[in-house]
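What follows is chain A paired twice: with chain B in the first complex and chain C in the second.
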Partner chain A sequence: MSRAALLVLADGRFPAGGHAHSGGAEEAVRTGRITDAASLESFCRGRLHTAGLVAAALAAAAALGCDPAALDAAADARTPSPALRTAARRLGRQLMRAARATWPGLELDAVAREFPRGVHQPVVLGLAARAAGLGAADAAHCAVYESVGGPATATVRLLSLDPFDATAVLARLAPEMDRTADTAVSAAHRVRKGGPDELPAASAPLLEIGAEAHAARPVRLFAS
Partner chain B sequence: MHLDHSLPLPAPAVGADAHRPGGARRALRVGLGGPVGSGKTATVAALCRVLRDELSLAVVTNDIYTREDAEFLLREAVLPPERITAVETGACPHTAIRDDISANLEAVEDLEDAVGPLDLVLVESGGDNLTATFSRGLVDAQIFVIDVAGGDDIPRKGGPGVTTADLLVVNKTDLAPYVGSDLARMAADAKAARAELPVVLQSLRSEEGVRDVADWIRARVAAWTA
Partner chain C sequence: MRTGGVRATARITARGDGRGGTELPVLEGEGPLAPRRTRGSGAQARVVLVGAMSGPLGGDHLTVHVRAATGARLLVGSAAATIALPGQAKGDARYDVRLTVEDGAELHWLPEQLISARGSELRVVTRVEAAPTARLVLREEQVLGRVGEEPGRLTSRLALRIGGRTVLDQELACGPGAPGGWDGPAVLDGHRAVGQLLLVRPEFAEAPVGARPVAEGAVLVPLAGPAALVTATAPDARLLRRALDAALSALG
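And now, the complex of A and B:
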């Protein structure tokens, strides 16, 4: 693997549309669940161990070469909110575009052709990691980092939170991110033998409910 | 899934390819940027009214935190609703038009798929600062719209929008006497900042309205399809 390629893929400036999404942070801010750095940390911890873990396992399994269509269906089954499913596919499509331009290859082309409306973003993340010559652990680390990095950046904009405090939250979560990524990679290896039912199905009902409320709001800064 | 490389359909385009996946030439894409309140949406609406009977066109808006601009265009009924798409920008229109254009590329391609073939797609940025320009990966040409009420020193201050846009529009010239703006000075400063690049001074309330900008776009479309 190339450590530098991992940095390219994990960079928040990687042009795949993430900047327009808050990972549920905007709705949590609006409903008073995120008010400061401490509550941001709680929110991020919850997201990491639920949506983050599932995303990381999907990404790791895709990076191992598991069937993207089966993983996409498994992601649907683990995402009750239609708004979140739509957002995940839209982001998947955007990431697919960026990945194909960055690491051109037949495998990405074939998935783009097969699914012109996009597959869930974590699945594409795993395929992108694969195209970049990265492994399952790299894909899982990208996914867990994204699962908390997005909300932290969004909260800086939404609450004018001190950016140093927000970054310190991410740093404090780093050991948990590593452990979550490890759990996800173990699950991904099981998926290779036992199929997508081996994927974790940790859910965060408030994130799903909040996503539906957010999608219905006429005024918002972030798409999700 | 099967990875069958012999499928007839090519994969979707990745960047600013001038052709659609089927091989046909895609629409010309023109970006409109500029500060808040300078009249970008009003200019887009006027362009739609003037051009919609001679060109097949669609609009993508990039609002900052609402769908206001798209809804204004819908309310004014300048185009059928299926020809107007709003892109959400996460508080940063300049990111969505320059640094990470993926959502806008999806939007313009979806419009071509849904209502195409199109001759022209207007991509409007949310109001932003003087450095906000469009990526060449997203648009083929860009218009920067400023207005006389925003201060007549803006052309002199320059910035990438004023100095590098393919067309600079100084809007709301009818307001100049009321806000103490010196139109001649604005025109001279703009010319000095832009060398050979064109400048249009317009008032959408005048009889000429958006005529000069529409003529500039017609010439661009003619060159694109030639």
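And now, the complex of A and C:
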């Protein structure tokens, strides 16, 4: 395992298009659910334990070598909002392109060929971690960090929130991120034996409802 | 460890009677679960689950099996809301619902609300197995606490398989002890009622519903299969029911 490779994959500057997505924060800001650092923290904590946990388990399972098609179908079942399914596949395609250029390999090529319309981003994240010589825990940590890092960065732009405050939110969530990643890795090991029904299915109603409202807005700063 | 809780199972099986109606060859309950046949309408048979005791209480494990076999038209409701209460017995309560809808059958699963009372710990798991030409209308409503009351701990999972393929798998955890942020702006944001309306119709394979808002706080979406889901949050049970009723009538 290379710690430096993990930093490359987790870097917000990794050219995979994630900066164009707010993880639901834009809609939450528009509807007054996020107004300051405290509500951002509460939003991020809820996202971490729902969408973040599911994404981390998908990424960890993909990193362990579980069937990407089965994981992609499981991601669909855990993503009722079609706007979020579309966003996840678009991000998956973008990450696939970046990962194939960064860590060329037959496995990524094969998945890219088999799924021209893309697979859910966390599944690609797990495959990219594998290609980079990283493990399931690394993939899970990338996923949980992304699940809160995206909304935090977006909220800095949307609310002109002090970047120091946003970063402090992420630092306060770090112990919960670690625990969530551990939970995700345990689930991923169960998936290897018991199949994708072992994946967590934690859901957040307002993220699902908000994603559709957001997709219907004519003017948006972020794609999701 | 579970000690002293009630274990009870109800079984309902419906099938076409060959004359355009629906018969109920199995209608069994025990303890707090008592299914009663009531007057149906047309080809549809109706069953009401009558709660013979309050519950489920801590340590209880209740299971309901409903099977709509070929040709069946079955509606299952409940006589009153189910209230999860803290019990004398150790451990959380479990409520398992297993719904099987075979080809050419139609099931309406429309129980009254589930109310999570203060101090209760309940885990609800609803699993639906639908055949490729099955039809389903399912409503689930969770109310967090009685009026003005803090909720208990509630975990509710809803999973749908159509023709053996998982089309929906969702779990909502809320109340004291649930993972953090459950009452925050990503999950419930102070709403005290949350519900889902799940529809399975074979024609959705060719003509899926368009995603759209159907009421205040309620959105209709097509799932990745011949099914549609309405997710709704509301300040209270009455407004939630109003939203889900509006959604159902919008779907025709």
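Simple rule for what comes next: the second predicted complex is superposed on the first by the 224 of 224 C-alpha atoms of A that agree within 3 Å, B and C clash if a C-alpha of one lies under 4 Å from a C-alpha of the other, contacts with A are read in each partner's own complex, and residues count from 1 in each chain.
Rule of thumb we're sticking to: a contact is a pair of C-beta atoms (placed from the backbone, for glycine too) under 8 Å apart; a residue touches a chain by one contact, two chains touch by 3 or more.
Keep in mind the model is a prediction, meaning the values are calculated, not measured.
> Taking the superposition on A as described, I'd like to know which of chain B and chain C A:P68 touches: first, second, both or neither.
After superposing on A, A:P68 lies in contact with chain B but is clear of chain C.
> Would you sort A:P196 into first (chain B), second (chain C), both or neither based on which partner it touches?
second
> Contact-wise, after the overlay, does A:F43 reach chain B, chain C, both or neither (first, second, both, neither)?
After superposition on chain A, A:F43 lies in contact with chain C alone.
> Which partner does A:I209 contact after superposing on A: first (chain B), second (chain C), both, neither?
second
> Which partner does A:P80 reach: the first (chain B), the second (chain C), both, or neither?
The answer is second: A:P80 touches chain C but not chain B.
> Give every residue of chain A touching chain B within the complex, in rising order.
Counting only chain A, the residues touching chain B are 13, 15-22, 67-69, 90, 93-95, 97-98, 100-101, 106-107, 109-114, 116, 154, 157, 218-223.
> Note which residues of chain B are touching chain A in the complex, please.
Listed in rising order, the residues are 1-5, 7, 9-12, 14-15, 64-67, 87-92, 95-96, 99-103, 105-106.
> Any idea which chain C residues touch chain A in the complex?
Answer in residue numbers: 157, 159, 165-173, 179-182, 184-189, 194, 211-213, 217-219, 221-224, 229, 231-233.
> Which residues of chain A touch chain C once you look at their complex with the stated criterion?
Answer in residue numbers: 24, 28, 33-34, 39, 42-50, 53, 73-74, 76-78, 80-83, 85, 176, 196-197, 199-209, 212-213, 215-216.
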